């Protein structure tokens, strides 16, 4: 595994020569309650991507730190890239990956709103000859159920809760304010998901769930579990594209 | 000064309330010779932006880690954002800055190819009501002449040379391979600048100048000098826009 | 309820005067196995939208008959609109709805791949002053479980199966070839959803599930159930936007 | 002849195998006076396209029901696609036609404002390898002179008049309100055609001509005449491109 | 009348102060047979626009010398702007006209292929508050019938024929090669206008008609007649928009 | 050398056959003080391009008369093309150049704000197979120092000063008002170049320098010097691309 933050271009050349995959973390700049920093999604995606890059010998690219966080824009500190911009950036990066001779790209995305733009960029890149595996946190729902003490605010919805807080404690504990952690189990309106809606109308704190039981150990378990779930997907990706 | 990597949204709200300026570092993922990492431009822009944010009480945003590095794309490890994408991303970020109530944006750019896209985004944002101060490294030429031992490869051209290496030694010494540092004073072709041209045709190493004399102390002097040069520009910017 | 296919412009003017909502069905031109026509998604969305327009007194617009059916493009007969085009078309239509004085737009979408482009158009339109409620088939999973005999090919995945076939039998029986209906429960690859993938690699027939038990009565139950599920969402939408 | 509204994908595959041409009707959602529905242009284009598909064994695609009806936007009920969107949609459809193996595309357009966007899409598609024949209603002026009783409001200008009303009586009589039909021969201002202008400033009723003498028989004659005029154009198109 | 080629900015300011209209000639770079230069359309549009600016006291802008000449691209010397680019350029110019305080824009277009892009730009500009009168050569058909000796190659089709040659003899005689002028009355294929088609397939010489009888006097008559036809349109335009 | 304003298409064909380069002047419509016309940049670029075309046997294309003059838009008479539009137009023209068989394109740009859009178009065209040499006025700084009497307003900044006035006197003396020529050596604010700024805030006259000493002879010397500086660049361009 090499990473752009450490590697020189001759090392990048060597990585291409040995067929390393490119690994791109994708995050967001978005409110994460009163106890987590605005870069939480980027931090988590980077942490998971790094672990996966280590496990697969990939070339870790700089994380994209802005995503489509429209639904949290009512909270100060949220700063979005539009979905068009994000899609264009992932496409540009994929083209650079291909130009330098890496055979494929894995995106590791830590923010829900980025899923569609990344998937659309993947289509374009595949049509140009670059296979793209776009991962979020595969199997997180089962992992959260296994490792977490608290319940999620909604099925599959993890934001500034025990899951994210625990992963942050494992990756960047110095940036977590456990003293500010407080639970919030907001009531989702029945028409949630059927129209553009600011999450601030739902949760005044920006928390969805209960971050208080979070521990670094839980965070490490979650990350290890996610990486373990990614590995067979990477293997299938390699097999499908003869990588 | 607060930074997105540490701040929570209530802190971002407080920063907006006290009229903090937004500070956006803009870098690139680009070859920097056999001794500097691919993220050098991002690292340097971030380091300078952080120092300037400290000096001005600004809100430090996550750096944009991809820029328009077309002219180094022949070197593996260079991965560009197109100028359109970069411009769009800076524009999106500026809109988010304005939405959250910060009164103005300072961009601190560490890569030559980004200058025009950033300046065009600044135009758009100004027309929408957000003043933008777009800084590169003001006064670098005089500072380099004063603090550096070696000559630049060309007037105002600093790439993987003593200037950038020294600044990296001051900011991220663990990522510098001084044992791989070697000088390269390539001959620029007479038609340089009159047509699209890959820098690899000019310098096989990717170095332009002599990184060997670089020291962390020189780097600190350069950064301090750049920040000192920025401060009156920030003051003029505030005065011009009543910030 | 009025519909564009019958209404004259004075009637449209009257509908605007009484504050009717606009109702836009969105479909696709896509393979639906050997027994259903290519317009199935448009037919179903139109049928449900018509029933909902009747229940709410809405103004039924012509259905958009092309959607983003990329994942079925390996099957002849599938003809897509790109997600950008679909998004632009919904945005154009919303602007026309607003120009003519209708207070809001409801989209009734019958094809999975259209969800994100429609949601993004809704964001744009809302920012321009037109509230948009974007419905798919709310509560379909529970309705299918209640009314259907056969199991779905995967959770929440209904394509050319009992659900769609039954609804077609209720709406356009003359276009259904029950003699060609055959079951297909393909094995989804473990990396499904993590990369661009043609569904034809998974199901050679284009069927996902078992259409054979479908009846028009089941179809009528499903449609009635969907409409019943839509009504409180429409009510909440009206309440939220004072319509 | 097969049509998407009836055909399954294996039938589409068979149509491609026998070299069927694709036939795409293009209409509009636009005011047509107090006696014709908003979908009149789509209805007429579809009717003519169907007859032409029958005569040529073509594959009839779903009609595009939104066109560039800018000049009638002052009338409620008119809802346009922008010319860019229409052009993009025709281009997308043409690419799908080519992907599925049909050798060429015929567009049958029923709305004046669509002509240029369709012609531009045809250029793009031809450059990509798909021949496109873009038909409006060839020879309509002579046919109207022969079959109609009333005079047109202006040379070659047929809107909610005897021509369109007669064709609607032949195709969708249930949607025609002959009791509301009234003549309107508005005075065109001398600067008509030299600047963007809403037709409502010219005709308060939205009618241009006299719909009252219209009969289904005239409509059938017009449609038969148009189709007869199309056939040699299709033959020339086939000859020119070896189809 | 002032013209950009002579005027200074204080004179432009004065023109704005007195409410002068902007006058923009639009031409093309396109083959015009073996006897006329590639800039013929620009030359003619400029000549007519100049005469009209003199008659109306307008501010004559530099001509746009590139247009959408796709259908002549098979002839060397034809160099097009795409319709998108032309439309964007006219829109940009109109915005500049408005910014500097001129109350309206008249476009004088000399090339058929430019009509639609110019009309679409006019729509956009009108919606932004700038009225646009887009003129071609009003009444040319009648003028040609009155003043010319030869017949046109087709109704309303004037290209490198007596009309254009005479106007060029009136405006730029030094650029006309009457010794190379030869007639060409090509047979238009029956499917002309129904698909993208290069005019070179129809006329090998690039001439459509007979340029030989052209005289400068005829040219002056045509130009004077066109200008005379424009004046009431300008008056109506002024009246319509209170200019 | 041939020029579009004189050449017929058979001559353009012959130019392509002998491998002539295309020569494209690029100007602007922009204030140039109280003594020079708005077309000054276009006039100068055209004059230099013509001389260079004569020296190299190139095919002189019509000048682009609109450029990105944003920073002078506060002065009436300035009318810009946006950088996107300019880039698109140069790209379109380059494609036409390639289509007609000319082997390469030289752009001769007379306006600072056009540099980046032209350089970006050059990149695109090169990637499509058309080499582009983008020249401004090479070596102008040394030439001005040698031939001019007055000092520039800032290093390398020539606008409505002795340099431009002298060149205009050499090329279009009838359009120069020497009686209105007056010097202006404005003080540049320290933050010049760090944010979008209208030049009118700096110079009320629009002059930067002293036009009074300008003579036609100086202008001829400057033009001759520029052309002489261009020739080795053209030679290097030919050598680099085997032209």
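Going in written order, the chains are labelled A, B, C, D, E and F, and every chain counts its residues from 1.
Quick note on the criterion: a residue touches a chain if its C-beta (ideal position, glycine included) is under 8 Å from a C-beta of that chain, and two chains touch if they have at least 3 such contacts.
Worth saying up front: this structure is predicted, and the values here are computed from it rather than measured.
Peer 1: By that same contact rule, can you tell me which chains touch chain B and chain F alike?
Peer 2: none
Peer 1: Based on the averaged CA atom positions, which chain is farthest from chain A?
Peer 2: So the chain farthest away from chain A turns out to be E.
Peer 1: Centre-to-centre on C-alpha atoms, which chain is most distant from chain D?
Peer 2: Chain centre farthest from chain D's centre: B.
Peer 1: Using mean CA coordinates as chain centres, what's the gap between chain A and chain D in Å?
Peer 2: From the centre of chain A to the centre of chain D is 49 Å.
Peer 1: Cα centroid separation between chain B and chain D, in whole Å?
Peer 2: About 56 Å, centre to centre.
Peer 1: List the centre-to-centre spacing of chain D and chain E in whole Å, with centres computed as mean CA coordinates.
Peer 2: 31
Peer 1: Residues of chain B that touch two or more other chains: which are they?
Peer 2: Chain B, residues with two or more chain partners: not present.
Peer 1: Which of line, ring, star, complete or other matches the graph of chains that touch?
Peer 2: ring
Peer 1: From chain A, heading first to chain B, what order do the chains fall in as you go round?
Peer 2: The chains follow each other as A, B, F, E, D, C, starting at chain A and passing chain B next.
Peer 1: What residues on chain E touch chain D, complex-wise?
Peer 2: 70, 83, 116, 119-120, 122-123, 126, 131-135, 138, 189-191, 194-196, 232-233, 236-237, 240
Peer 1: Going by the contact rule set out above, which residues of chain B touch chain A in the complex?
Peer 2: Touch list, chain B to chain A: 4-13, 15-16, 29, 31-39, 42-43, 61-66, 73, 75-82, 84-85, 88-89, 92-93, 96-97, 99-101, 175, 177, 180, 206.
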